[in-house]
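Across the two complexes that follow, subunit A remains constant while its partner is subunit B and subsequently subunit C.
Let's turn to the complex of A and B:
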C-alpha cells in the first residue's frame, strides 16, 4: 500500500491525462491473486450439495443461538414486567412501552443518563492518551537501537500478563495517597497504564512493517526524528491507530473492575457499575435491567459494527505477530 | 536509518579522540546526547512512567504487602518484620485449595472448548460459503459486550421459572434445572456463558490463519484423494499451531480475569463456592474483609500462574524471531 502511494505520487505529474482514475502499470502488484480458483469455487457454490446444505444449516443455527440473547434483551426492554415473566418470546398480545428506558434513564440510586455521560468522560481521554503515548513509545522500539531495548520491551509485554486484580490494591493505595482516589483522573491513569502494554506491542509490530526507505528520503532532506514521526510515521500508521482506538474504547467502556474499586461516589458511577444495582431485591426488575443493558451496550456495539474491519485486525494482530 | 545514526556517532567519537584527553569527557557527553538512547527517551519515558506507576508500582506494593500482616487502613503497614507467614497460611487454607481447583477447571474447560468451537466455526466459514462477513459479525458481536451485560442476560436466560434455557430443554422433556442455584451446574453454566462470549474471538484468530494459507494446499490434498475431514486433520490443522498457541494464551489470561463476570452475575463479593476462583477470593479478602496482606499473597499466586502461562510463550515467540 505504501509502495503504491509512492509510485503514484512520483508519476502523478505526467500522467494527469486519465484524471487519476487508473493505477500506473507498475503500481499493480506482481502477485495479484489468481481469479481462476475463485471462479471455480463460485461455480460450485451455485450447486447445493448435501454437505453444503448441512453447513449452511449449522452456520445459521449457531448464528441464531448467538443472536437470540440480544433479541431477548431488546424484547424485554420494551415490554412490561408481567409480559416478560410469561416469556418474552410469546409475541401475541404484546405491549410496546418505553417505560423501562425512562425508569433506567433516571434510576434513583444512579441515573443511567448520567452514568453514560460519565462513561464517556472516562473513555474518551483514556483512548486519546493511549493512542498518543502508545505511538510515541512504539516508535523507538521499532526504529532506534539502544541498550536495554529488549529488556524494556519485555517489561512492556509482561503488563499484559498481570491480572488487574493483582495491582488493584497497590493502585488503590497509591491513588489514595496522591489524592486521585474517587476521581476520573486516577481512573484514566490506571486505564492508560493497562492499555499501553498491548498497544505498544501492536503498534511496534505495525511500524516494523512500514518500509524504512520512506523515512530515509525524509532524513536526507534534513528532517528531524520528530518531524519524521509526525509527518511520516503517524499518518502511515493511521489504520493501526484506528484499530487501537476501537479496541481500547470497547475495553475501557466495558471495564467494570477498576470503576468498582476506584469510584465510590454514586454521582461518579459509570454505566457498567450501575447495571448490577438495577436488579432490585425481591422481584428482579428484568425490564429495567434489560433497558439498562441495551443502553450500556449500544455505544460499543455500534462502534464495533461500524469499524469491525479494524477491530478484527487489531484482535488478530495483537496476538499473532 | 539506524545505520546513519551510528556512523554519525562513530565519526563523532573519533574526532573527540583526536582532540585529546581534555575534550574526551565533552565528546562522550555529546556522543551520549546524540545516541539513540537519549533521542528515544522523550518518546518512551512518559509511557514508562505511567506503566511503572499503574502496573509495576502496584505489583511491587502488592509483593511487599504480602510479606507483612497489614490489615486495612488507619496505620501504615509495618514493614519491620517481613515474613512468608501469609503464604504459609494460604497453602493451608481450604478456600485457597478449592478456588485454585476451580480456577484450573474454569481455565482449562473454557479455553479448550472455546478453541475447538472457534476452530470449527472458522473452518465452516473459511470457504464455499456466502454471507461470510455477516455471519462472522454475529459470532463476534458478544466480544463487544461488557462482562456485566453478559452476566445480566445469562442470569436471566438461566432463570429457573421463566428462563429461555429451561424452556428450550423443556421441549426435550428435561428440567427445569436450577442452573444458578445448583452447585453441580453453576460452574458449567458460567463456563458456557463465557464460551458464548469468546468463541468469536477464537474464530477470528483461526480464520486469519486459514485464510493466509495458499489455496494449492487445499487443492493438493484433494488431488491426493483425501476426504475433507482427513485434509483438515492432516494438512490444515497442524499448520495452525502458532495461531492456536496465541489464542490459547489470551483465552487463559481472560479466564484468570473472570472476576468481573462472576461478581456481576451474583451481585456480591461472595459468589457460590462452586464458582469461587482465586480472583474472586482475592478481591473479597481485600475489599470486603480488609485482610490486605492475605489478599496480596493470593494475588501473588495469581501472578505466578499468569506468568507461568505467558512467559514461556513470549520466550518462544522471541526465539522464533517473531517478536
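Let's turn to the complex of A and C:
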C-alpha cells in the first residue's frame, strides 16, 4: 500500500489503514539523532583504562626510541660544531645555521652535490630497468604454462637467498673481465640482477590477484597478448609497480656495499660512499656528516611521502593475495 | 549471422583426470537463442568457453557456418561474451570499456563514437558513459557488459550466467530486456544458467546438461511436457516433478504402503522397478478417499502458504511429495489422499528413461 508521506502524517492515526502502528515514512531521520550527553560523561568515556594506558605508554616509548636518533641527526646538521660537542640536546643558546649544508655540498675531496648527482645517475636506470624486466618476467610466471616453470621460478628465488658478499666476488671478476669495473653500467647491471629476484616474486603475486576473467574478456574483445599486457595488466598493476619502484629506489640509493666493491674512482663515488670521507683530518666534522646524511636520506623519504597512497595499496594487495 | 555446430566435443582437464565435457553434439541455428541449463559443475560453462575459443576441445570439432574453428582465437571467431561478474575493466570509464573492442581492432575514433552512442541509447546508459565501473549498480554494470559485447556486432553472443549477481526484481527486468534485445538484433545466442525459470522464459531451445553431457535438447514447452529422463523431470518445474519409486505389475504400479496406481496405457509389459512421476500442479489433495480413479495415501508434513498458491508437502512412503493447490485447511499430521488424472502421470524405467506417455 503506497500513499505519499504528506497524507499519512496529516491523517489522524486512527483513520489510517494501519491504525498508526508504524512510523510514517517522513519520521525517519536523514542522519543519526545527536546523542545529548554532558561533557562530564563524555570525558569519563574518553579516559582509557589502566591496562590500555600502559599499552599507550609502551607504544609511545618505542616510537620515541625510533625518533630520537633522527632528531639528533637533524639538530647536529643545523648547528655549529662547538654547540654539537656540548650535546645536541642542549637547546639553550641554540644557533641555527645552514653552514654545514653549504660546506658538505661542496666538500673538497668529495663534494656531496656531485655524489648526489652520481647516485641519481645510478639509481634511476636501476629502478626503471628492474620495473620493466620484472613486469615482463612476472607476467608469464603468473599466467602462462611452460616447461620448467617451477624450477625457473625457484632459481629466481635463490637469488634472494644468496648474501650480497657472495654475489659480489663473482661479479667483481666478471666486471673486470668484460671491462665494466668502475663504471656505472656495471654497477647498474649488478643492482638490476640483484633486484630482479624479489621484484619478480612481488609482481607475480600481485598479478595472480588480478582476475583472469579480465584478460579473457580482453581476448574475446580481440586484444592480442601484447595489447592485453599493455592496456589491461600494466595499468592494473600500477600500485604494485609504484611499490616496487619506491622500495628498489631506496635500496639502490642507500646501497653502500655494492658501490664500495665496484666503484674505484673518487670522481664516481656515490653519496653513501662519500659520507665516511667527511670526517675531516684533525677532528670529526659531525656537522658535515650530519648534513650529508640528511641530504642523502631526504631523497628516498620525499619519494616515500609523495607516492605513499600508491604503494600502500600495492603492498596490501601483494600480501593479501 | 552464424550457425554453430559441435560434433563429439569432449574436454578433459588435469591430464585427463577431470572430464568436463563428454561427446557434446549440438546444433545451434542462425539467430537461435539456446540456453545451456544444468546444476553447477555440469560442464555448461566449459561448453560455452569451448564455443568462445577460450578452451580448445580435447576431442571433436566445432564449426561456425560449416567452417572448423577449433584452432581459431576468440577474436577470429568474432564472438562476444558476457561474464558472470561482468569483467568490466576497472581502470577505464564506461565509455572506455564499451569502446575497447573497437579500439583494439583499430576502428577510427569517429566511428567508435557513433557506435558508442547507438549502443548506449539501446541499453539506456547514455548518462553513465563518463563514470567508472565501481560507481555503477549491479544492473548498470550488467548493461555496460552487454553494451561492450554488442557494440562490435558479433556473429555469436555468449552469456555466462549474466543475471545471477542481480537481485530478484532486477533479474526479471533484465530477463525480458535480454530477450527483447536478442529478438531485435537476431544474433545467434548461447546462454548458460542453472536457473530453470530463466531458461524456460528466454530460450528457443533448452539444452539440459548433467555430468558433462547433454541429457535433452528441446524447446521449453516440450521439455516441460515430455522430460526424457527422470533426472530432467526432477530438474524442470518449481517445485519439480514428484517421482515415486514403485514396482510395475500387470498394468499397474505398486507403491507399497501408499497404494496401487493403475497405469493401463503404458507400452510393453515389462515388470520391474519404475518411477511414477506427477507434477505438483497436477495433484489434488483431499482428506477423503476419492470414489474412483488413482489415489496415493500419505500424511501432511508441512503446509507452505505462498499467497498465489499453497504448497502441501505430503510424506508418502518415506519421501516427500509436493502438491500445489489453490487453498487448503489441512494441517500437519493429517492423513490425506493425493489424486491426479491418468494423463498427467509419467512413468520412468529403472534407468530413468521415459516409458509413458509415449
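Please note the rule applied: the second predicted complex is superposed on the first by the 256 of 321 C-alpha atoms of A that agree within 3 Å, B and C clash if a C-alpha of one lies under 4 Å from a C-alpha of the other, contacts with A are read in each partner's own complex, and residues count from 1 in each chain.
In this text, a residue touches a chain if its C-beta (ideal position, glycine included) is under 8 Å from a C-beta of that chain, and two chains touch if they have at least 3 such contacts.
Everything numeric in this text was worked out from a predicted model, so none of it was measured.
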Which partner chains sit in contact with A:211 here, subunit B, subunit C, both or neither? Use first/second/both/neither.
second
Just subunit B (first), just subunit C (second), both, or neither: which does A:101 touch?
neither
Can you tell me whether subunit B or subunit C touches more residues on subunit A?
B
Which of the two partners, first being subunit B and second being subunit C, lies in contact with A:181: first, second, both, or neither?
neither
In the superposed arrangement, does A:223 touch subunit B (first), subunit C (second), both or neither?
second
Output check: A:194 vs subunit B and subunit C. Expected answer is one of first, second, both, neither. What do you get?
first
Which partner chains sit in contact with A:254 here, subunit B, subunit C, both or neither? Use first/second/both/neither.
first
Can A:235 be said to touch subunit B (first), subunit C (second), both, or neither?
second
Both subunit B and subunit C touch subunit A; at which residues?
216, 219
Applying the document's contact rule, which stretches of subunit C touch subunit A when the two form their complex?
52-54, 73-75, 79-81, 83, 85, 87, 89-91, 100-101, 104-105, 148, 152
Touching residues (chain side subunit A, partner subunit B) in the complex
37, 41, 44-45, 51-52, 55-56, 58-60, 62-63, 66-70, 72-73, 76, 84-87, 89, 133-134, 136-137, 139-141, 143-147, 152, 154-171, 173-174, 189-190, 192-194, 196-197, 200, 212, 215-216, 219, 225, 229, 250, 253-257, 260-261, 272, 275-276, 279, 284, 286, 289-290, 293, 296-297, 300-301, 303-305, 308, 311-312, 315-316, 319-321
Along subunit B, where are the residues that touch subunit A in the complex?
1-2, 4-6, 35-37, 39-40, 42-44, 46-48, 50-51, 53-62, 65, 121, 124-125, 127-130, 135, 137-149, 151-154, 156-157, 161-162, 164, 167, 196, 200-201, 204-205, 208-209, 215, 219, 228, 242-243, 246-247, 249-250, 253, 256-257, 259-260, 263-264, 267, 279, 282-283, 286-287, 292, 295-296, 299-300, 302-303, 306-307, 309-311, 314, 322-323
Give every residue of subunit A touching subunit C within the complex, in rising order.
211, 213-214, 216-224, 227, 231-232, 235-236, 238
